[in-house]
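Single-structure report; data block below.
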Amino acid sequence: MVGYKFMGKAHSHAYKDVGMFFETNADVVMKAICGRDEQGVKAAADKFGWESYETDWRKLVEREDIDIVDINAPSDAHKEITLAAIAAGKHVFCEKPLALNLADGREMLAAAEKAGVKHAICFNYRFLPAVQLAKQIIDEGRLGEIHHYRATYLQDWLVDPNFPLAWRLKKEVAGSGAHGDLNAHSIDLARFLIGEFDRVIGHNRTFVKQRPIPESSEGLSGNGSAEYGEVTVDDATGFLADFKNGAMGMFIASRFATGRKNHNTFEIHGSKGSIRWDLERLNELEVYFREDEPNLAGFRTINATDASHKYAGNWWPVGHAIGYEHGFVHIVYEFVKHIMEGTPFTPTFLDGVRCQEVLEAVDLSIERGAWVSIEEV
Amino acid sequence: MVGYKFMGKAHSHAYKDVGMFFETNADVVMKAICGRDEQGVKAAADKFGWESYETDWRKLVEREDIDIVDINAPSDAHKEITLAAIAAGKHVFCEKPLALNLADGREMLAAAEKAGVKHAICFNYRFLPAVQLAKQIIDEGRLGEIHHYRATYLQDWLVDPNFPLAWRLKKEVAGSGAHGDLNAHSIDLARFLIGEFDRVIGHNRTFVKQRPIPESSEGLSGNGSAEYGEVTVDDATGFLADFKNGAMGMFIASRFATGRKNHNTFEIHGSKGSIRWDLERLNELEVYFREDEPNLAGFRTINATDASHKYAGNWWPVGHAIGYEHGFVHIVYEFVKHIMEGTPFTPTFLDGVRCQEVLEAVDLSIERGAWVSIEEV
Amino acid sequence: MVGYKFMGKAHSHAYKDVGMFFETNADVVMKAICGRDEQGVKAAADKFGWESYETDWRKLVEREDIDIVDINAPSDAHKEITLAAIAAGKHVFCEKPLALNLADGREMLAAAEKAGVKHAICFNYRFLPAVQLAKQIIDEGRLGEIHHYRATYLQDWLVDPNFPLAWRLKKEVAGSGAHGDLNAHSIDLARFLIGEFDRVIGHNRTFVKQRPIPESSEGLSGNGSAEYGEVTVDDATGFLADFKNGAMGMFIASRFATGRKNHNTFEIHGSKGSIRWDLERLNELEVYFREDEPNLAGFRTINATDASHKYAGNWWPVGHAIGYEHGFVHIVYEFVKHIMEGTPFTPTFLDGVRCQEVLEAVDLSIERGAWVSIEEV
Amino acid sequence: MVGYKFMGKAHSHAYKDVGMFFETNADVVMKAICGRDEQGVKAAADKFGWESYETDWRKLVEREDIDIVDINAPSDAHKEITLAAIAAGKHVFCEKPLALNLADGREMLAAAEKAGVKHAICFNYRFLPAVQLAKQIIDEGRLGEIHHYRATYLQDWLVDPNFPLAWRLKKEVAGSGAHGDLNAHSIDLARFLIGEFDRVIGHNRTFVKQRPIPESSEGLSGNGSAEYGEVTVDDATGFLADFKNGAMGMFIASRFATGRKNHNTFEIHGSKGSIRWDLERLNELEVYFREDEPNLAGFRTINATDASHKYAGNWWPVGHAIGYEHGFVHIVYEFVKHIMEGTPFTPTFLDGVRCQEVLEAVDLSIERGAWVSIEEV
């Protein structure tokens, strides 16, 4: 694994716990973790339970005892490491976004396909039981024809103007702001649930244009220094979408939505029913069926922790909530099974590319002030 | 009508609006309103739309042009006025509680039955569309055998120790505190929905035992004077109940439930389903059916404003909320129809008596520290 | 009053009840109601409590005993009646939309201003206590700088493809579909709460393009005949907006949002706090303040029925819900007070025009596929 | 560790993950797991990550390389194993209920105190961040004087009459039904949050008195055989309580609450504020403060996942939910720290005993039909 911060911790936890709750037909062994700072990566290896560590990812990807390379380093490093890992014949599990831009993403996909290695992109929210239930309901045709899709992904950690200029706020490292970080998840869920985008048009804002430069380059919440630097990514991006199936879409991602902490939601209306989900109550799914008796129809709040709900039965009895990190355990489980048993698996790099296409089409539409077709990018 | 304060206003509104939204086969004419204070009652007559006013209820009940006497004066006046109205051959619509005690209530019931007049007690919450829907679901057997009934009726207007010693806090005028005011509603709804009580046991509290005597005897929120008087009713009463059908019951009424403004709720669990309702969201009913597919079962939040819901179609299109006072319009509509067309009607004085029985059994159980059977009182 | 259907009933109720709950310094007398069908309008006059009726609105607007003309006839009749009423020196209270198009609306506004009569447009939702509270919070600066405004107005009565081709689905009578009917309310609330629009871009759909022609031209739910006609208005319209104050906006109106009955919502995020409201729970306002202690901050669900909330104290004690129709009582109260006492009043025809500008700018943006500035229309 | 079923899995997970998210100043090593069935325990050891296994708990408690014995075997085995572990000088972490009856519990407590070993009882819900926040708010006096405490613990897995006669339904093994299983948690939370019980009175039911005997003695959901056996524990128990601080309490536990899956809730009203919590939304706490401005007061829904909330900062950024099992990680963390560093720790066996006292007083009150003082048992 390359990377050992927030995502490194979430991924490590997934490898650590997957065998305890799922049968993967494989012994997942946590061989080595990699980071540039030796002290930091050594501590992480100890704490997270990795057998060894490396400070040079080039060494890591060449180790004989490694089958899967997990990449959760900052976005600007994804491409180079991925291509090297593929060249070394490793399967690759890459954090989103796949790459800083579409061209890089396509190159990574092509390389993986050519090499015949297995590849995954970590759109973890697909793997929550409530989201799986939404998918099942739609695939069974129980919502009928889809008319509306609306998604929000709202956080508020930037609303404080003294929050420092972290690397996530610099375009050259992060690629994008709320759009690439949060809309990426919403776009992937929309594609997963109702299919491909046709065209988009958006708008965005950087509400606070200058922020204090953090004294330590690592810190997210350090005391702001006296110096200020330019924020070069969006604080919020919203867009309208038309889907290929005729549905109307509406998306908003923001780091300025005061009071919303992790408000990743979707609401879908079809000719036969509707669905609503919210990551802040991730174990619940709200579902409405028109076929219910008229005086008894209403949104059902389903506690998706029953043994009848995908993955839920592997954890605890009904009513016992699971948390955010469980989605990572499930995606790791599916990817390992995919490698070992050839079971079908998405999301792959192709989904990463498709998502990137929509992100870039939105950015282009903002530049142009007019709709952009996905096929154009 | 006798009385022109809070309930007088709510009842007046019902008579005023009933003809606009319902077909009663009668012209409801607001003949006369009665109160001791001439200035006050005259103003109320003007404002509420009564043709005339009286300052002596004895005159009112003897007027030839009146068919129905509505009594919403303080509780200690109910009995005398009711008996006189019955003696004059009037139909009587009486606010709850029916009387200050069970013996008086039984006397009123006997008089009404003997005289053959129509009689009603104003348990208005029965007549909200969502509660009617609950009743219908239960009567159709869709909850199966009832196992649990839990009710709360929670307010918080007494939690401020400087709230003055209003008449509602004196036993000789009000009869009872939260118990008679709030549990009375909960007991009636329980009887309406699942049937008769078998035995009860309770406890109660008067958390603030002395309050400032209001300078004006009318005021509810006047500046407290320097003098304090004794609170002689309960601030809160809770009790357990066994129902004749075997269900377990749990009730709590309080005027000290900080943050709860009018939290009149019930939750019912049966062998086939469950129901939950809350007066603060009076247009909604939550319903759960075990017969739903296991992975899709959940509490449905039904917006009980559809034309398929009783009374709702007389107002506005689906989704347009009705309010608290609409229940009074509906009960007046049903009572007038009952008088004009002989349609079945409850709640009558009998329901007032039954409710009083449970209230008194609870009080007796508190004295004794042991269960009291309803049959005993 | 001209018109006696859904809105005629809601307005009549307001005139009937306003004097009972508010002090207007005027005796509101319901002089005459007007409609083309004598039998229908006579019945309505009786039922709603009007002293007389007319079948020709020209007669009505010339009657000497009338001060205010209330127009809630279908949209295509607004202009002609309004101009005649103004010419006759009457004050005018007009249902939304003000007119079928912007030019007509501007003409009506100019006529009213020139004649010096008082004029109002019935954006009733402004007058609910929870919405007034939202306005107060924003005006006091407690949300700080506004970053985001999102609104939905979702219904589902058209999702059944057999729902007949009612007049509301014909452009020549209704002017517009969900956009003019529902987005009009959302646009007005946004203007009321956070100010003027700068530019917009939208998309729309007519999901079901042909519907059965109703056998009776009146009926909304008649058995569809064998013949089908063209739906000439939108079933749903969504749009992005930039506000003059820099906020990002997002709006969606639909009659195809399965399960949503009257889901008129707004959510506003500012630098200091956030607000959320939903018409289906119209007595509640959710508010978040950043200034709350970090570990205790959360959206507060405020029950806006306290005496401290505008209008609420005129009805019932705290916790006793009011309903949809109360907004009409409040707007009538304010308009009458405005006429009698010269108190400030909005929304006037000017607000009707401003709203129409945004509606038309959205339509133009849909035609062009690009952003349209409000100033352009 | 003795036991390897539901609780064995939850406890194992806690030992496995604690070091990754918390600094305990100790290397927690999972030495050995113990169970009677060799095949079963061996599989569990492999899956959960234990170094070795034993089939005789007597051997386990005598192993030199073990410092802590974790006991989550069925309730009837707690006493014997605990006493042996204490005798061997081990620290003991015991699942609730501490013992089958109060006398046994007191014996265990006395033994542990005499031996000077550290002891804990697994009331895991204390250790969720939202519950910790509730505790902090109360301890800081922000609710003022406590007037009301209401708790429910509702499940519905027994409402199906064909659910087999599992060991949990036999008094000789389980000791008690819903009462000991669920009310035990509610009683402990009440003691933790507001203090000691004074007296109680209850009622209970066994709604389904006979159930099919499972063909396999292990199975919980096996096809019922043709034979039926007697259910000897309660399906539901409710009770009223008076607390020593004067608060009124109300408790209900049921396995027959259709639609409620794990509805462990408490609501507390004090003179200054109120709190509400529900395990089904375990990351949220609802709090109301009377000191808020009257027109802005409302229950706040606090997302207790912020770094300012106890334990939450050790997991993920704000808004990223944790799940049921995290409570076990936290209690293990605190117990290990207690052993290593002598930090204060509750709940100990004393809390197990206190809880058992209340449980037994309720049972006694049911027998007697009258209130029972806790001091009496």
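Should a chain be cited, it is by its letter among A, B, C and D, assigned in written order, with residues numbered from 1 in that chain.
We take it that a contact is a pair of C-beta atoms (placed from the backbone, for glycine too) under 8 Å apart; a residue touches a chain by one contact, two chains touch by 3 or more.
A quick map from chain label to UniProt name: A, B, C, D = Gfo/Idh/MocA family oxidoreductase.
No experiment lies behind these values; they were computed from the predicted model shown.
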Checklist entry - Does B-D or C-D have more contacting C-beta pairs? => result B-D
Next on the checklist: Among all chains, whose Cα centre is located farthest from the one for subunit A?
Outcome noted: B
Checklist outcome for this item: Averaging C-alpha coordinates per chain, one finds the centres of subunit C and subunit D separated by a number of Å equal to 54
Checklist outcome for this item: Between subunit B and subunit D, the Cα-mean centres are separated in Å by 41
Checklist outcome for this item: Where subunit C touches two or more other chains at once, the residues are 260, 297-299, 303, 306
Checklist outcome for this item: Note: in the complex, subunit B contacts subunit A through residues 133, 137, 285-287, 292, 294-304, 306, 308-309
Checklist entry - So in the complex, which bits of subunit D are touching subunit B? => result 143, 145, 147-148, 150, 152, 154, 156, 159, 201-205, 207, 236, 238-240, 242, 246, 248, 250, 252, 254, 256-260, 269-274, 288, 290, 297-299, 369-371
Next on the checklist: For a test of understanding, state which residues of subunit C touch subunit B in their complex under the given definition.
Outcome noted: 6, 9-10, 12-13, 16-17, 19-20, 47-49, 155, 157, 260-263, 279-283, 303, 305-306, 315-326
